[in-house]
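Per-chain residue numbering starts at 1, and chain names A, B, C, D, E, F, G and H are given in the order in which the chains are listed.
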Amino acid sequence: MMQEKVRELLEKVSARKLSVEEALRQMKIEPYEQLSCARVDHHRALRCGFPEVIFCQGKRPEDITEIARAILRKSSCLLATRADEAAFRAVKKAHRKAEYHRRARCVTVIKKKPEPQPGQILVICAGTADIPVAEEARVTLEMFGHGCQTIYDAGVSGIHRLLSDSDKISAADCVVVVAGMEGALASVVGGLADCPVIAVPTSVGYGASFGGLAPLLTMLNSCAAGVAVVNIDNGFGAGFLAARIARRKCAG
Amino acid sequence: MMQEKVRELLEKVSARKLSVEEALRQMKIEPYEQLSCARVDHHRALRCGFPEVIFCQGKRPEDITEIARAILRKSSCLLATRADEAAFRAVKKAHRKAEYHRRARCVTVIKKKPEPQPGQILVICAGTADIPVAEEARVTLEMFGHGCQTIYDAGVSGIHRLLSDSDKISAADCVVVVAGMEGALASVVGGLADCPVIAVPTSVGYGASFGGLAPLLTMLNSCAAGVAVVNIDNGFGAGFLAARIARRKCAG
Amino acid sequence: MMQEKVRELLEKVSARKLSVEEALRQMKIEPYEQLSCARVDHHRALRCGFPEVIFCQGKRPEDITEIARAILRKSSCLLATRADEAAFRAVKKAHRKAEYHRRARCVTVIKKKPEPQPGQILVICAGTADIPVAEEARVTLEMFGHGCQTIYDAGVSGIHRLLSDSDKISAADCVVVVAGMEGALASVVGGLADCPVIAVPTSVGYGASFGGLAPLLTMLNSCAAGVAVVNIDNGFGAGFLAARIARRKCAG
Amino acid sequence: MMQEKVRELLEKVSARKLSVEEALRQMKIEPYEQLSCARVDHHRALRCGFPEVIFCQGKRPEDITEIARAILRKSSCLLATRADEAAFRAVKKAHRKAEYHRRARCVTVIKKKPEPQPGQILVICAGTADIPVAEEARVTLEMFGHGCQTIYDAGVSGIHRLLSDSDKISAADCVVVVAGMEGALASVVGGLADCPVIAVPTSVGYGASFGGLAPLLTMLNSCAAGVAVVNIDNGFGAGFLAARIARRKCAG
Amino acid sequence: MMQEKVRELLEKVSARKLSVEEALRQMKIEPYEQLSCARVDHHRALRCGFPEVIFCQGKRPEDITEIARAILRKSSCLLATRADEAAFRAVKKAHRKAEYHRRARCVTVIKKKPEPQPGQILVICAGTADIPVAEEARVTLEMFGHGCQTIYDAGVSGIHRLLSDSDKISAADCVVVVAGMEGALASVVGGLADCPVIAVPTSVGYGASFGGLAPLLTMLNSCAAGVAVVNIDNGFGAGFLAARIARRKCAG
Amino acid sequence: MMQEKVRELLEKVSARKLSVEEALRQMKIEPYEQLSCARVDHHRALRCGFPEVIFCQGKRPEDITEIARAILRKSSCLLATRADEAAFRAVKKAHRKAEYHRRARCVTVIKKKPEPQPGQILVICAGTADIPVAEEARVTLEMFGHGCQTIYDAGVSGIHRLLSDSDKISAADCVVVVAGMEGALASVVGGLADCPVIAVPTSVGYGASFGGLAPLLTMLNSCAAGVAVVNIDNGFGAGFLAARIARRKCAG
Amino acid sequence: MMQEKVRELLEKVSARKLSVEEALRQMKIEPYEQLSCARVDHHRALRCGFPEVIFCQGKRPEDITEIARAILRKSSCLLATRADEAAFRAVKKAHRKAEYHRRARCVTVIKKKPEPQPGQILVICAGTADIPVAEEARVTLEMFGHGCQTIYDAGVSGIHRLLSDSDKISAADCVVVVAGMEGALASVVGGLADCPVIAVPTSVGYGASFGGLAPLLTMLNSCAAGVAVVNIDNGFGAGFLAARIARRKCAG
Amino acid sequence: MMQEKVRELLEKVSARKLSVEEALRQMKIEPYEQLSCARVDHHRALRCGFPEVIFCQGKRPEDITEIARAILRKSSCLLATRADEAAFRAVKKAHRKAEYHRRARCVTVIKKKPEPQPGQILVICAGTADIPVAEEARVTLEMFGHGCQTIYDAGVSGIHRLLSDSDKISAADCVVVVAGMEGALASVVGGLADCPVIAVPTSVGYGASFGGLAPLLTMLNSCAAGVAVVNIDNGFGAGFLAARIARRKCAG
C-alpha cells in the first residue's frame, strides 16, 4: 500500500505533474501525517478493523476526555480499559453513549455496532476474583464483533467442572484462560484444547503469589504446548490477540 | 467422540451384546488404555494431526531410543528437540532415517512427508546467537507441514533492516519473533504486524539479561497489542502455536 | 522420658546412692552425651523408628565412609541421598551390603529389613525427568517400611491419564506429588485427593522455570487446600514426611 | 462411588429400565450437576466431612452474602476467611448466627456443632504479630471439630520458652508452626517433634523480610526433616491440612 | 585549586606569616569549612555552574523551606524535584518566585535566568504516562540553561512516528529516552542516534513491569551501543547528565 | 548460674530438705517460670543490663499498654520502637513519664537513668531522609547508657565532608553507618575505621532501590572488611549491637 | 543523507533519466541493500566513524572468520570482544594483523591507525579482578582513536588512593568507572567529577553479589548525579559511549 | 598520625629546613606513595596490627606470587583466602613457609607468630558442609593472634546439642555463627548469647536456598537482637570483624 502510494508519486513526478520538491515533501510528510499521536491510531483502526483503545490508568480525566473526543471524531466505536468511575465520566463527557462495564473496568462507546465476526472464542477463568480480567477480555472481544462464551470459576482443584465443559473447549477457535494464584488452569486447558490458548495470569492471590508472578511463571512453563502468555491482568491484550487469531479463519 | 464411544457401549449393553461388567471395564479402561504414558500421544497425534515430540534434555539415550521406537511404530514422523549428538545417535538407533538439524538442536524422522499446510508463517530473529531457537521453531513448523520464511539478524538497533521487510510482515498469518538481550524486537514487529505475534525470549546475552529474564519481561510488557509470549528459548512451543494459529485459516 | 531420667537421678541422690557432684555431672552430660554429632542421631533413630540418613552432596568420600560406619555400628539400616558413584563406593567401603539406586541417586544399607508399615502412600510424578526425585521419595519410604504405589509421567496436559488413576488417589493415605516445569499437577491432585498431599517442586525445566522457582510458587499458591510443599528436588523430605503422616494411622 | 453410580446406570440400561439416551444424559449431567460453581462444594463437603469455606478477600459483600446463603442451605456450618467487618456483615445478612473472630479475621456460622475429632493438634506461633494467622488456623481446626492447643509468642531467640513446652510438642499428632521475620521456629520445632510439622510463613516483619519471602525460604530449607510449608499467611491451609493429617489417625 | 591553597599556606608558613598551628588548623578546616551539609553544595554550584537541587520526597515541609532558604541565600536559582503541593508551598514560603511545574512534579525558583547553553538536547518519551518523568528531565535541563526539544508519545509499536522524527534525533547532541512498560524505545532510538543516549526506565505499567524492573533490564541489555541508563523514574538524573554531556561541546 | 541453681536443689535433695517431687517440680518450673512470654524478658534484662523493648508495628494499642505496664513493673526503663502517635499514647497510658522521640519513632520511659557506659559510638547517616533510622539507633544507645556522636548527611557524593570527620571515625569504638539509595557510605567508612562498623541499609530511595535491597546488597558486598549488616531500617538492632560491642571494652 | 539520495532519484525520474520502476526498485532496495546482515554495519561505520565490532561469545569460529572477513573488506579496522583463544584464531584466519589483548579478551585488527581524537577519558577500576572489563573499555577507546588514562585498583575502602588522583578526575572529559562487589566507587567518583561518569558493574565478587546485581543496583541508585550505567561487564559499551561523549567536544 | 606527619613537614618549612616546593611534593606524594596498590596495605597493616590478605579467587597465579612477595617484604605474615592448589603453589613460590589449610581454602605464611590476643571467640557452624567457611573464619582469627573455640555440626534441628554448649556461648566475647540451608542457627545462638554475634550465611544447600539467599534473609531478619550479618560464605570477613570486636576488650 505504502509501495503503491510511492509509485503513484513517482509516476506523477515522471509525468511532471508533481515537482521534485513537492514529491519529496509528500514522501516525507504523507506517510507521517497520520502518524502523529492521535492520528496514527485512525490509520491503524482503518487498516485493522479494530476500534481505538484508551488505557486509562495513570491518565488524567481531562486527557481521557480529549483523547476520547479525538478518536470518536473518526471512529465508530471506542474502548477504554482500566477505567474507574472518574474515567467513565470523562468518556461520558466526550460521548453520551458511553457505557460502563463495572466488573470489566471498561468503558465502551458504540456509535455503530461492529460487524459480527466468525470464530468461536471461549473465555475461561479460575476463580471469581479473576472475573474482572476475564470480563475485560470479553468486552474487548465484543468490541471487535466477536461473541464469546465464558466459563467462570473453573479452578483445577475441581477438575470435573472443567471436564464437563470439554466440548466447549474442543469447539473453540481460541481459548483465553484467566487465572491467578497458581495459574495451573492454563496447563489443564492446554491439554484439552487443540486450538491456540492464550493465558492471562492475574494478580489475584496473596503471599507467594507475588503480585501475579506465580501464575505468570506457571503459565510460561506450561507443559502443554500451544499456550502463550500475555502480561499479568492483561485481559485486553488476550482479547485483542484472540480476535486476531479468530480472524485468521475468516480471512482464509 | 468420547460421547459416541459411550453411546455405542450403552447401546450394546441395552442390546445385551455386552455385559454390565464388561461395559464398565471398557468405560474405565478404554478411554484410558490409550492414555498410559506412550499411548496417549498416539491418540493426540491422531486427533491433532501433529507428530510426536521428544524433549531430549535430561533424558538418557536409552530412554530416547525406546520412546522414539514406540512413537515410530504408530506415527509417520518424529521430532526430538534439545538434542545433542548423543540424543541424535539414540534416535538414529530407533530409525535410520533420523536427521540431525545441528543449529536447531533437533532430530527429525520423516517416514512420510507431512501434507503441506496453508498459512504464511514468518520467523524473525534479532541476532545471530538467537538463530538456534529460531531454527527450532522453523524445524517444528516444517514437521507440521508449514513452510516458513525467515528473517534472521534483524535487531532493532538497525530498524531500517526490519522495515525493509515490512511487506513480509504484512503478508504473514503469524509471526514468530525470537530475541535475546533486551527483546525489543517483539514490540517493533508487534507494531508492524496485524496478525498474531508469538514472542520467544532467548537466554542469549549476559549480565543483566539474567538468563533471559530481561527479554521475557520486555515481551510481556510489550506496548504493542497482539503479542503473546512463550517460555525462554522455547522455539518448539512458538512453532507449535504458530502452526495451530495458521491452521485456523484452513479450518474455516 | 527425660523427665523420668531426672527423677531417677534425683531419687538416687535422695537415697544417697549418688553424690551431688556425680548427679550434676550426669544431668549435664547424660542428656548430651548422645547429642554429640554422630550420637544424637542414634538417639533420634531409637525414638522415631527411622533409620539414619546421610546427605552426601558436598561431603567428601572419606567423611561419608566414616559417618556410614558410625551409623551402622548402632543402626540396622542406612540411607544415603544425593549419592553419586563415588559416594556409593564410600558407603560400600563402610558396609558390603550397600546397594545403589541409580535413578534415585540413593544408597541403602539394609542389615535387617524394616518392619512393614500400614498406610497407603502414592507417589505421582509429572514427567520422566522428575522420576529421580520421585524415586528418592520412594526409596526413602521403603527404608521406613512403607510400600508405595507410583504413577509416573502423569502430567496435567493429559489430564485423562490422571483421572484414570483417581481410584488410587482416593485410596491413598498420603500422596506425594513431584513436578517440575509449571508444577500444576499438585493442584489437580489436591483437588482429587482427600488425604494430605505433599508437593515436591523439581528443578526440571528451563528458561522461566528458574531452577524450580516456578513450580515452587505454583505449589505454594495451590488453589486446592490440603497441599503442603517441601524444598525443590527434596524427594527425601517428602518421603520422610509422608511416612510420618502415614504412621499417624497406625499410632491411633 | 462414581464407579458405583455408573454401574447402577448400566444395570438399569441392561434391565431396560433406562433408555440409552437417558443414561447418556445422566452420565453426562449427573456427575456434573453437582459440579457447577456452588454445588461442587456441597459434594465436597459431604464427601470430606469438611464445612464450606469462603475466601472473602477481593469478593464484594453482595457476593459473599449470596455464596454464604447458598452454602448454608445445604451445609450445617460455614467458614469465611480474610473477613473484614464488611464481610462479617455480609455473612451476618445470610445467617444471624454468624460470629466474628476478629483476631483470626474469620467469620463462622455453626448451625450444628461439628463432631469432635480425635488427634492432638498444636499451633505454635513465634511473635504476637503472628497471632492472627495462628488464630486462622485454630478457628479452621475448630470448625472441623478439632480442639487444639496453642503456644503463642515462642520465638527462637528465647529457646528455653519453647523447650519448656517440649512435652506438648511430643504429644501432638500434628504441629502447625506460624512464624514471620526469619521463621527459624519451624526448624527448631521440627527438631523436637516426631509428628508432621506444617510451617506457615507470615508477612510479619519489615525490610529484608520482603513480605514473607524470608521465612518462606527459611522454612523450605529447614534442616529438620518432616516439615512442609504452605503459602505465606495461609493459616486456613495449615489448619485444613492439619485436620486431614489428624483424621488419618481416626480413619485407621 | 586545592593544591594552590595549600601552596599558599606553605608559603605563608615559610615566610613565618602563619604559625604552624594555625596552618595546621586551616589545612584541616579550610577545605572542609565549606563542606558541612549546606555549604558543600554552594561550593559545588560555583564549581559546576549548576543550581542547587532539593529531592523533596520523604522530606518534611519545614525542612524543605529551611533548605530552600539556605540555598537561595547564595544561589540565583533552585530546583526542587518530587515535589507535591505541600512541597511547593514550602518552597514558596522560602521565596515568592517559586513556580510549580505540576506535570514534572518540580518547583523552580529563578532569581536570575541561567545563561543559555549550547548543545541540542532531545527528550523523547514513549507514552503519555511517561510524560511526568520526561518533564522532570526537561525542567532540569531548562534550569541549567539548556533549551530542549521534546517528542512525546513515540512508542515503538508505531515505529513510523519515531522514524518521522529521525532528523531531530540525528541533529541532537544528546537524547534522553523515557519509557516504561517494555522500554524498547531506548534500543530503537539508540540505533538511530549517533550521539549519547540516556535511557530512563519508568515505573509506568502494570503486572510484569514490576515497578519499572522490566524497562530497566531492557535498557541495560540494549543491543544498541551508546545507551546508558539511570535509575527508574529518575528524570532529574537524566537531565543533569544530558546537560553535562552537552556542556562538553562548549567546553572544547 | 543455672548450674548453680540446680546444684543448690540437688544439695537440698541430698540433705532431704527437699522432696524429689518438689525438686522435680522446681527444676521443671523454675527455669521456665520466668520464661513465659512477658517474664523471660525480665530475666534477660537482669542478665544483660539492657532495658525491655517493644516493637510496636503491628501491635494493637491495648496490647502495647499492657506489655508496657508488665515491663515497667519490674524494669526501670522501657524502649518502644516503630511507634506512631497511637503507640505513644498507649505507652503514656502505662506510664506518665513516657517521652516521644518523633524523628526516631521511639517512645522511652526512663524511671531511673541508665548508668553511663564507656565506649565511643559514632552514628553516621548518608542523607537527611536516613535520619529517622539513625535516630532510632541513637535513642537505643542512650537507653543503654551510651552517649553517642552523630554525623548526619554525610553522603559519599561529597566525600570531603566525611574525610573532615575522619578523626571522629578513628576515635570511635564502634561506628553505625545508616544509608539508603546505594549505601556506598558503609564501604567508605569501613575503609577509614579500624573499629567494628555496623551498616544499616534504609528503604530510603526509589526505583531500583527496591525497598532497600540495593543498599543491603551494597553493604553485604562491601570491599572493606570489618563491616557487618543488620536488617533494612533496623536502627534499633544496630544500636543494640553497637552497645554490646562497646561493652566489651568495659568488661575486659 | 537518505533524504538527498531520494531527492537525487526523484530528480532523475523527473528528468526521465530513470524509469518509475527502476526508481521504485532502487528506493526499495538501495537503502536496504546495505542493510542485510553484514552490510548494514558498513553503512553505520561510514556514518559514525566507528569501526566494526564482533561480539564473539556464542558465535562459532567459522562465523567469526566470515564476519571478520566481510567487515575487513570495507573497513580499516575491526574490534572483536569477548574473544577467547579460539575466537582470536578465527579472526587471525581472516586477517594476519589480528592482535590479541588477552586481559581485555579482545582482538583488534588495525589496517590503518584511527585518527587521534581529542577529549581526555579516564578509566578507573576498583579491584584487580575488574581489570579485564576496564581493559575492554580501554581497548575500545583506543580503536576509536582515544587515548585514555587508567587508574586501576582504586577501591573505596582505601579512599585516599582515589583522592590522590582527584586531579586526573577533574581533568577528564568523561570517566568510566568499573567496579564489582559493592560498586560504591561510582558514587565516590561521581561526587568528585564534574564530567559525565559511566559506571560499569562487574560480575566480580561472590555470594550476595548475585552475578553483578549488587553493584548494578548500587550504581543505579548512586546519590551522585551525573552517573549513568551500562550492563554488567559491558566494558565495550562504556568505552563506546565515552567515545561518543568525548567526540561532542571536538564536534562543537 | 597523618596529622603528625603534616605538622612535622610544616615545622620543617617554618624552620626553612624544607622548601615550599619540596613540602608540597611530599604532602602530595607522601601520603600517597604508600597508597599505590600494594603499598597502601602496608600502611594499613601498620596502623591496624592486622596482616595482609590476598583474595585469590579470580586472580592469576603469577599475580598472586607477585602480590605475596610484595607483602612479605614488609609484613611478618600473610593470609591468602579462596585459595585452590594453584594459588597455594603461587604463594609457596613467594615464600617457602607457606602452609595450606585445605578445608579452609586458605594459605598462611607466618614468618613471626602474631602476639596472642585476649578475648574468647567462638565459631559455631550448623552442618559439616559449612565447615570450610567456619575454618576460613578460624584461620583468619589465628592469623590475628586469636585462639578460638569451635562447635561444628550444631544444627538447630537437634537443639539440645547446642544447649549443651551454652556455657561456651555465655563465656564468649564474640560468636561467629556459620550456617547454610535455612540459617536458623544464628537466631538461636543470638537468643543464648549476650555478646555480639556475627552471622555468616553459606551457599550450602540446594533448591530454594538460592545460593545462600535463604540463610542470608533468615539472618537479616533474626528475631534476636545483637546479630549482624556478613556476605554469603564470607568466613574471612566474620573472622576479621570478630577480631576487631575482641580487640575492643584489650584496648579498653
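As a working rule, a contact is a pair of C-beta atoms (placed from the backbone, for glycine too) under 8 Å apart; a residue touches a chain by one contact, two chains touch by 3 or more.
Since the structure is predicted, the reported quantities are computational estimates derived from the model, not experimental observations.
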item: Intersection of contact partners for chain D and chain F; value: C, H
item: Chain at maximum distance from chain D, centres defined as averaged CA atoms; value: G
item: Homomeric contact chain B-chain D: same or different residue positions, threshold half; value: same
item: Chain at maximum distance from chain A, centres defined as averaged CA atoms; value: H
item: Winner on C-beta contact pairs when G-H is weighed against D-H; value: D-H
item: CA centroid of chain D to CA centroid of chain E, Å; value: 54
item: Mean-CA-position distance for chain H and chain E (Å); value: 41
item: Distance between the centres, which are taken as Cα means, of chain D and chain C, whole angstrom; value: 25
item: Of all residues in chain G, the ones touching two or more other chains; value: 28, 158, 207-210, 213, 216, 220-222, 225, 231-232
item: Contacting chain pairs - touch in the sense defined above; value: A-B, A-C, A-D, A-E, A-G, B-C, B-D, B-E, B-G, C-D, C-F, C-H, D-F, D-H, E-F, E-G, E-H, F-G, F-H, G-H
item: Contacting residues of chain G [partner chain B, same complex]; value: 28, 31-32, 35-37, 40, 44, 57-59, 63, 201, 203, 211-213, 216, 231-234
item: Complex contact set, residues of chain B against chain E; value: 126-127, 155-159, 163, 181-184, 186-188, 190-192, 205, 207-210, 213-215, 217-225
item: Residue numbers on chain H that touch chain E, as the complex places them; value: 3, 6-7, 10-11, 13-14, 16, 19-20, 23-24, 27-28
item: Contact footprint of chain E on chain F as seen in their complex; value: 128-129, 152-153, 158, 160-161, 163-164, 204, 206-210
item: Interfacial residue positions of chain D with respect to chain C in the complex; value: 3, 47-48, 53, 118-119, 167, 173-174, 194-196, 198, 216, 220-222, 225-232, 236-238, 240-241, 244-246, 248-252
